[in-house]
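You will see two complexes here that share subunit A, one where it goes with subunit B and one where it goes with subunit C.
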Partner chain A sequence: MEDKQSYWQENLRLIFICLAIWFVVSFGFGLLLVEPLNEIRLGGYKLGFWFAQQGSIYTFVGLIFWYGKKMNDLDKKYNVEDA
Partner chain B sequence: MDELRLYTWIAVGGTFSLYFFIAWWARAGSTSEFYAAGGGITPLQNGMAIGADWMSAASFISMAGLIAFLGYGGSVFLMGWTGGYVLLALCLAPYMRKHGKFTVPEFIGDRFYSKTARIVAVVCLIIASLTYIIGQMKGVGVAFSRFLEVEYDMGLYIGMAVVFVYATLGGMKGITYTQIAQYCVLITAYTIPAVFISLHLTGNPIPQLGLGSTLADGSGVYLLDKLDTVVSELGFKEYTTSTLGDVEMFAYTLSLMIGTAGLPHVIMRFFTVPSVKAARQSAGYALVFIALLYTVAPAVGAMARFNLMNTIEPVAGQNLEYAERPQWFKEWEKTGLLAFEDKNGDGKVQYNADPTTNEMVKVDRDIMVLANPAIANLPNWVIALVAAGGLAAALSTAAGLLLAISSAISHDLMKGVLIPDMSEKSELLASRIVMTLSVCVAGYLGLNPPGFAAGTVALAFGLAASSIFPALMMGIFSKTMSSKAAISGMCAGLGVTMLYVFQHKGIMFIPGTAFLGDMEPNWFMGISPNAFGSVGAFVNFAVAFIVLKLTGPAPSHIQDLVTNFRTPHGEIAAAHDH
Partner chain C sequence: MNRHTKIAIFVAPILILLGYVLSDMYMEHEASKIKIVELVPFGHCDVKNQKCILKSGEFEINVMDDKGITTVNSTYPLDTATLFTVDKSNQATPYQLGMKDSPYYWKRETALGTLIENKGDSAKLRIIIEIKGGKYFAEFYTQTTN
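Presenting the complex of A and B:
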């Protein structure tokens, strides 16, 4: 029971980290901070515009795989893997 | 034009035969296969199927056109319709897969130990899914009538027949394998024209990089800079900075994200994989396959806008002679989606933001993707491929939605509430009959689209965002959340969102019944009805937690149930043993 408790706590911590990054790249860089970031260029892209239309999506993909990998490790550590 | 029609018949006929073959090969023999493909789909296959399930006629045909005219403002669709998958992968899919049932209402009914909760969820699911189907059926009709020159009605009947065969025969199993084929068709059809156009404009074959490159005309000017200059000289908003308003963009993006995570036809695809680990993985693959289209779409949008402006005014001040307009211009004029009016009588085409001198009186956003290959002078087989791709996008989404509706009726309402002792064999028969009826209803709605069809798309996302998503989140992350609290929350979130949409769009969208006009000054904090689902979700959470404080927590066996589905390992039956 205690094991399940700390497994869940570690899971929540991972979810929190991922959602923080999720929020920063989309709502942060793509929307709230778009004007200052647009002063910086990435080739022909203004950086804020790039985050809104390209960068946030790439980050989302990376986040899901990173979380999946971390959770597989966690499942092993607490010996709660399914089939 | 005859060559084009021949190629189009070959592309459409060939892909349709493939779908029929797969349907026959993967027919379903049990309820488990019919609802959840026997739980035996690999994460990679499921990711591809989710991609086709999710990317509808709207993603394939309309989105790039929206971005072409909204510019930076179109980012809400790109972030909103992809960001939801992060929420799905982290917060919903693994736990719902662990619980191991067939449908979203079933999960809600079990977790909140209440048939009322299950019925509320069924109602939300049916309204949201039916709304979507109308759009898919219209997409099928339009694609057939534009590219194969058959009547809109006839095109729709053909589409209905195809969906009917593989959906009733194969259930989730047949739909899954067909969707994998449809994903391949639609992504090829979307990418090939984009690669050609990017290569032509910038010399870079990868559209995502081409959008950030310099033009290939030797000027050394960046494509996006040139586009900004051209559109702002004509009085339009600058492409890369035109915004919908800060609060509106924030609320709209959030609504689309949580609406995406709460759409039942997407969630139920996660019940088809064998394990919790596979559920997490398939969300990742799904987003890879979706991102392939969603990162190309902004390039397609910007380049289509650039080509359109360039065709009409190749050099500033030297406008296109109307008599010398290209073939695609004439083709789309016939459909009424493109219209020209020579206001100053000079025989030339003027296109600008001033309604008194603008002569392009109609440029429908939906034609951008379909007309793009012709505007860029691409060969006929590419145009034929785009037609097959648009049909694949519309049919795959329609099939997924039909399955969500029929399983909600046969599994949740009939087996779950009305006739609990129904045998598996009669449930399978019932779900096939319900599926047949759903195809007919969808076809009827496609033939007679209700006047409010456009308005209800907002309602579909608003419903999922304000009712289903919060209920699932609280069911998983709060052990003590009780049935009374969750039901009050769902009804409050749903009620507030519907009230807001109705007060600005009319009660049940009947014109003239809107008691507050659909104008920006009347919007709450400048949030449009389309973007209001996020506020509805907030109300849902708030009401649920207040009611929970007042009425006390869920019983202890429910808290044990939550503890159980939070860990992958354990005794709840897997979907295929169910």
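Presenting the complex of A and C:
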């Protein structure tokens, strides 16, 4: 029972980290901080614009696999891996 | 692919849609606020020779005068454009410009042409532009170079 709770707590922690990154990258970089970030150029594109158009999507895809890996590690730690 | 990655792949589009809706609401809220922004001359301003650009970020307007007809051309469509000539005692004479063919071009007959007719003549001008989501203003000088 304690193991289940601990597993769930760690799972929630990962989810909140993912949601925080999701918020910072999409709203933070793409909307709220777009003007200061636009002062920086990335491959000729304004960084704030790039985050709003592509950067946040790349980060979301990266988050999917990062979350998958971390959860896999968690499954191993608590011996609840896929059969 | 493990079950957690599969779940994340199913959840991600929902978060993307949620983000899209929330950002749209945020942008609509921001657009409804009236913003007042100053336009700054880009280089030397010579209205008589069609070389007077005022800008703020991506937004630019070009102020020009040809035979007494003053024209304002902008990078975004405008709602209104008012030009003021300012005399030495700081008295401003307003000229409400009218739309010419499209909201990117605004013009009107003004006294500006006579003020800057000769080489070396200069005049103090003000402009107030209304555009969806904000007002832009500038106080600047034009000087005829040739």
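What we mean here is this: the second predicted complex is superposed on the first by the 83 of 83 C-alpha atoms of A that agree within 3 Å, B and C clash if a C-alpha of one lies under 4 Å from a C-alpha of the other, contacts with A are read in each partner's own complex, and residues count from 1 in each chain.
FYI, a residue touches a chain if its C-beta (ideal position, glycine included) is under 8 Å from a C-beta of that chain, and two chains touch if they have at least 3 such contacts.
Everything numeric here is computed off the predicted structure, so don't read it as measured data.
Visitor: Would subunit B and subunit C fit next to each other on subunit A once aligned, or clash?
Guide: clash
Visitor: Touch check for A:80: first (subunit B), second (subunit C), both, or neither?
Guide: The first partner, subunit B, only.
Visitor: Now for A:22: first (subunit B), second (subunit C), both, or neither, which partner does it touch?
Guide: After superposing on A, A:22 lies in contact with both subunit B and subunit C.
Visitor: Which partner chains sit in contact with A:65 here, subunit B, subunit C, both or neither? Use first/second/both/neither.
Guide: A:65: touches subunit B and subunit C.
Visitor: Give one of first, second, both or neither to describe whether A:45 is in contact with subunit B, with subunit C, with both, or with none.
Guide: It touches subunit B, and subunit C stays clear.
Visitor: I want to verify the contact counts: of subunit B and subunit C, which reaches more residues of subunit A?
Guide: Comparing touch counts on subunit A for subunit B and subunit C gives B.
Visitor: Contact-wise, after the overlay, does A:8 reach subunit B, subunit C, both or neither (first, second, both, neither)?
Guide: first
Visitor: Using the superposition described at the top, list the residues of subunit A that contact subunit B and also contact subunit C.
Guide: The answer is residues 22, 26-27, 30-31, 57, 60-61, 63-65, 67-68, 71-72, 75, 82 of subunit A.
Visitor: Spell out the residues on subunit C that touch subunit A in their complex, using ranges where they run on.
Guide: Against subunit A, the touching part of subunit C is residues 1-5, 8-9, 12, 15-16, 19, 22-23, 26-27.
Visitor: Give every residue of subunit A touching subunit B within the complex, in rising order.
Guide: It is residues 4, 7-8, 11, 15, 18-19, 22, 26-27, 30-32, 34, 38, 42-46, 49-50, 52-54, 56-58, 60-61, 63-65, 67-68, 71-72, 75, 78-83 of subunit A that touch subunit B.
Visitor: List the residues on subunit B that touch subunit A in their complex, please.
Guide: Contacts found on subunit B: 67, 72, 74-75, 78-79, 82-83, 85-86, 89-91, 94, 98, 208-209, 211-214, 222-225, 240-241, 246, 249-250, 253-254, 274-277, 280-281, 283-284, 287-288, 291, 294-295, 298, 563, 566-570, 574.
Visitor: Within their complex, state which residues of subunit A touch subunit C.
Guide: Result: residues 22, 26-27, 30-31, 57, 60-61, 63-65, 67-68, 71-72, 75, 82 of subunit A touch subunit C.
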